[in-house]
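The two complexes that follow have subunit A in common; it is paired with subunit B in the first and with subunit C in the second.
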Partner chain A sequence: MSDIQARLREIARRLLTEGHVRVFIGFGPGFEANRPVPFFAADPDAADRLLLDEFCAAGLARYVLEEVREGPVGLVARGCDGLGLERLLADHRVAREQLYVVGVSCRGVVDPDRACAAAGEEVRAARVNGETVTLITPTAERSFPRSACLLDKCLRCQDPTPRIADVLLGEAIPPGERDLAHVDAVERMPSDERYRFWARQFERCLRCLACRQVCPACNCVSCSLDRPEWLERGTGLAEQFMFHFTRAYHVAGRCVACGECERACPAGIPLGLLNDKFMKDLRDLFGVAAPHRPGDVEPLGKFCPDDPEGWHEGGEGT
Partner chain B sequence: MRFLPATALPRWLERLRGDGATVWAPVDEDGVVVLRPWEGQPIASRYVNPLNSLKDVLLPRTETILEFEGRPTDLAVREPAPPQSQVVFGTRPCDAAAMELNDRVFLEGTFVDEGFRRRRETTTVLTVACTVAGPHCFCRAVGGSPTAPRGSDLVLHPVENGYLPEAPTSRGEKALRAASDLVEDVEHPDPREAGRTVAMPLAERIALDGLAARLRDHFEHPCWDAISRRCHSCGLCTFVCPTCYCFAVFDSLRVTRGRRQRGWDSCQFKDFLLMAGGHNPRPTRKHRVRQRFLHKLCYFPEAYGEYQCVGCGRCVAGCPVGLHLPAVVDELGEVLG
Partner chain C sequence: MSSDWQPRIVGFACRWCTYAGADLAGTSRLEYPATVRLVRVPCSGRVNPSFVLRAFQRGADGVLVAGCHPGDCHYTSGNLFTRRRFSLVKRFLEYLGLEPERLRVEWISAAEGQRFAQVIREMTDDLCRLGPNRKMREEP
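This part shows the complex of A and B:
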């Protein structure tokens, strides 16, 4: 990654020096060495603090929404960031010419807690090579399977390379087909059991809204989840179901499977599973090959004038 | 010294439950350890801190303040039933200490919060001391310890095959009486000492000395722009925090019946201070993030003489972008000296 990191810094420095962008969004050092944090380089010298390694976990697309208000924005984008940006573009929340996207192919991000559990001690550095991940600790260097080290969102990712880069650093990795088989197990549950499963998940919800705040599809100017006429503020089971159904339905067909909601959730609620259920239904009902890639056919994201059901102003039925 | 065998634990909790109390205990739910009303399910053993802190028990996510029925001109108002007694097992010393910080806010001074007081007085906190600290723990840096009794009614010090109970309050002593036939007498050195040797690397990295005064002098410091820029304005850090206590009051209505409730609110939400008429005194992330950290590290110490953080590590583990208390203290240390 270090060669790519050097080129990234060089490009960011040039963009900032020449005034093409007002800020360049990437990662910078965090408090813990294995938890880099989103970093906003606002002057050419700050570009030298940008870093890119196997621990850069947070999604960056969502930041663009606020940052473009003050001028054009440059950013580094992995596959998931790229899909997030595509979402914002398809929703007309930002314009393409406001963005300069430096694409990188991503082989998966190491979850420092999971890696620590696998290695038995603090992990200082890591290398992701295909199906194995080499973890470097103060005392050893050992390899583990991907599933023991990477973030959940990365284990299911099929879009390692962004599709909308202005420049791509390194090789492109071709996209794959999203595996939605994990939805089957929930679909097969008897309905009582399925209800209990989701009730148990949703009961844990703190309603902290981290899932919404990190989500590139949750880009509405005003959100129904903030409005008491749509969602009462209580945290009883009825409100919890209402909250989660509303969120899931509102991103259905627009979710790009970036996995940020699930990564952010402190309560370990399998939001990815819920999103993937909708994804699977979209695929099976509408024949959309990859419902999480914006710009392809969007069965729920677009109104067609020749829609057989027509348009009903004010919600009157036919 | 008294000794409670681990095998006697369910029987003891069952007796406390039999006395009519709701017993809370940490249970493993789909890989997440959560404090839940306990009805005999297996109690989690390997955890640092449950997802929800004692705050969830003493200042619930939502609670009813009053119920009403009728028309605006003819309204009957009822107080909800008083809280039932509760016993919380398995809380950690940091969370117990956090409740003493909340006591100061809700119970000290001229205004006493009745809802909080009633819950507090009917709740018995049975803490299990820590023998290991998690990677995110730093209680020692904020005056705590993995074996400290502050805020607990009973501290259970884990030893091989059981616990050594220490009862700082009469409520704790009373709870232990329900186990009098299960408890044995043993010889053992002071179990609190064990807390001194628990390794806690994070605590060593945090320097808080004199920070409150420096923050007061640098309210307008430009560092707040840089520090807050990555914040997503969610409520995660404040909702997981045992010492954050802000709440909102709201009504829910069903035609002629309704409830006035209060529930957690977060200073990190954009509309937290939004006024009727549209004015928002903390309109940007900078204002909100600064508020959170100044409250914990400056205003609270000025009012009560201690930081509003017990080092439980939940914000460290939880913030999706690493904007947690130790990180911010570190960044402030660099810019303010």
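This part shows the complex of A and C:
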């Protein structure tokens, strides 16, 4: 990764020096070695503080929305960032010529909490190999399975390489097919149990709206979630159901499965399970092969004359 | 639950077909349970999925969304969008734990008074068996 990091800095420096971009968005050091934070390099010297390692977690696409108002933006993009950018481009919120995308292939981001728990002490660095992750602590260097170290969103990721990079650092990894089997597990519950499951999840919601703020599909200028006639401020269970239903439905057919909502949620609500339910039905009912990859027209913005009536067959698990 | 409990159904009816179909059921003196409260909408495509959830939250035991048969939409394609939308929404509400019988989507034309009465009878029977909806409800 350090070789790619050096090239990233070099490209960012050149873009800023030559004035191609006003700001370059990447990652910089956080308070802890395993928690880098988004970093906005606005002058050539700042480019040398950019870093890229296995702990760079936050999605960067959504930051573009604000930054691009002041001028062209460069950024480093993994697969998930790339899909987010595609969403913003498809929604005409950003023009392609205002972006300079430095693509990198990502094999998964290490969740510092998970990794520290697995290693039993502070993890300073990590290497993501094929099926294992090597965690480096002050005393040891040991390998663990991916599921014990990576963010949930990365475990399900099938888009390691962005599709819209202006320049790609390192090798491209071909995309795979998203597995939606985790949705089946919820579908198989009896309906009362399913209701209790979601009630337990939604009860914890703080209504901080972090899921909306980080979402590249939630890019509307004015949001119904801010309007009391659509959603009250209360955090009673009924309003929580209304909130989560509305949020998930508003990104149905537009969600790019970047997993940012789930990563940003301070209450650990499995929001991906909601988004993926819509994805599974879009795939199964309307034949949208990869609903998370933005296309010409969103699946709910069009129809076929012979679409099935999906409500006849939805009664599983009762 | 008392034995004379009757379910409350909120029906969203397209003004071009289902609403007229309900009217026909009435003028034909067809008998069906007085369990449905109809809300006239310009098209089944007008029914925001939030309306459905809100209806359940504010006391509906069942919700009916009804419009013109595909191909017959007064606005050409409104009900074809409804078909996609409510295919997803119905499955999603079930995914959140709602019983499948509580939400029905039906195509009922202005000539189908019989059909309207039959749908209400079927829904009422199903809901009587299920009892009052308590899921996702606002506290009274």
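One rule holds in what follows: the second predicted complex is superposed on the first by the 298 of 318 C-alpha atoms of A that agree within 3 Å, B and C clash if a C-alpha of one lies under 4 Å from a C-alpha of the other, contacts with A are read in each partner's own complex, and residues count from 1 in each chain.
The definition used in the following text is that a residue touches a chain if its C-beta (ideal position, glycine included) is under 8 Å from a C-beta of that chain, and two chains touch if they have at least 3 such contacts.
Owing to the predicted nature of the structure, the values given are computational and were not obtained by experimental measurement.
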- Can A:Gly236 be said to touch subunit B (first), subunit C (second), both, or neither? both
- Message: Looking at A:Trp198 after the superposition, I want to know if it touches subunit B, subunit C, both of them or none. Which is it: first, second, both, neither?
- Response: second
- Query: After superposition on the shared chain, which partner residues are touched by A:Leu282: those of subunit B (first), subunit C (second), both, or neither?
  - Reply: second
- Considering each complex separately, which residues of subunit A are in contact with subunit B in the first and with subunit C in the second? 236
- Item | Of subunit A, residues touching subunit C in the complex | 186-187, 191-199, 230, 236-239, 241-242, 245-246, 248-249, 252, 274, 277-278, 281-282, 285-286, 299-300, 303, 305, 307-311, 314-318
- Contact residues on subunit A for subunit B in the complex? 30-32, 35-40, 58, 62-63, 113, 116, 122, 200-201, 204, 206-210, 212-214, 226, 228, 232-236, 260, 263-264, 266-268, 270
- Message: Which stretch or stretches of subunit B touch subunit A in the complex?
- Response: 29-32, 34, 51-52, 61-62, 135, 226, 229-230, 232-236, 238-240, 248, 250, 252, 261, 263-264, 266, 269, 271, 314, 317-318, 320-324, 326-327, 330
- Complex contacts: residues of subunit C adjacent to subunit A: 49-50, 53-54, 57, 70-71, 77, 80-81, 83-100, 103-105, 135-139
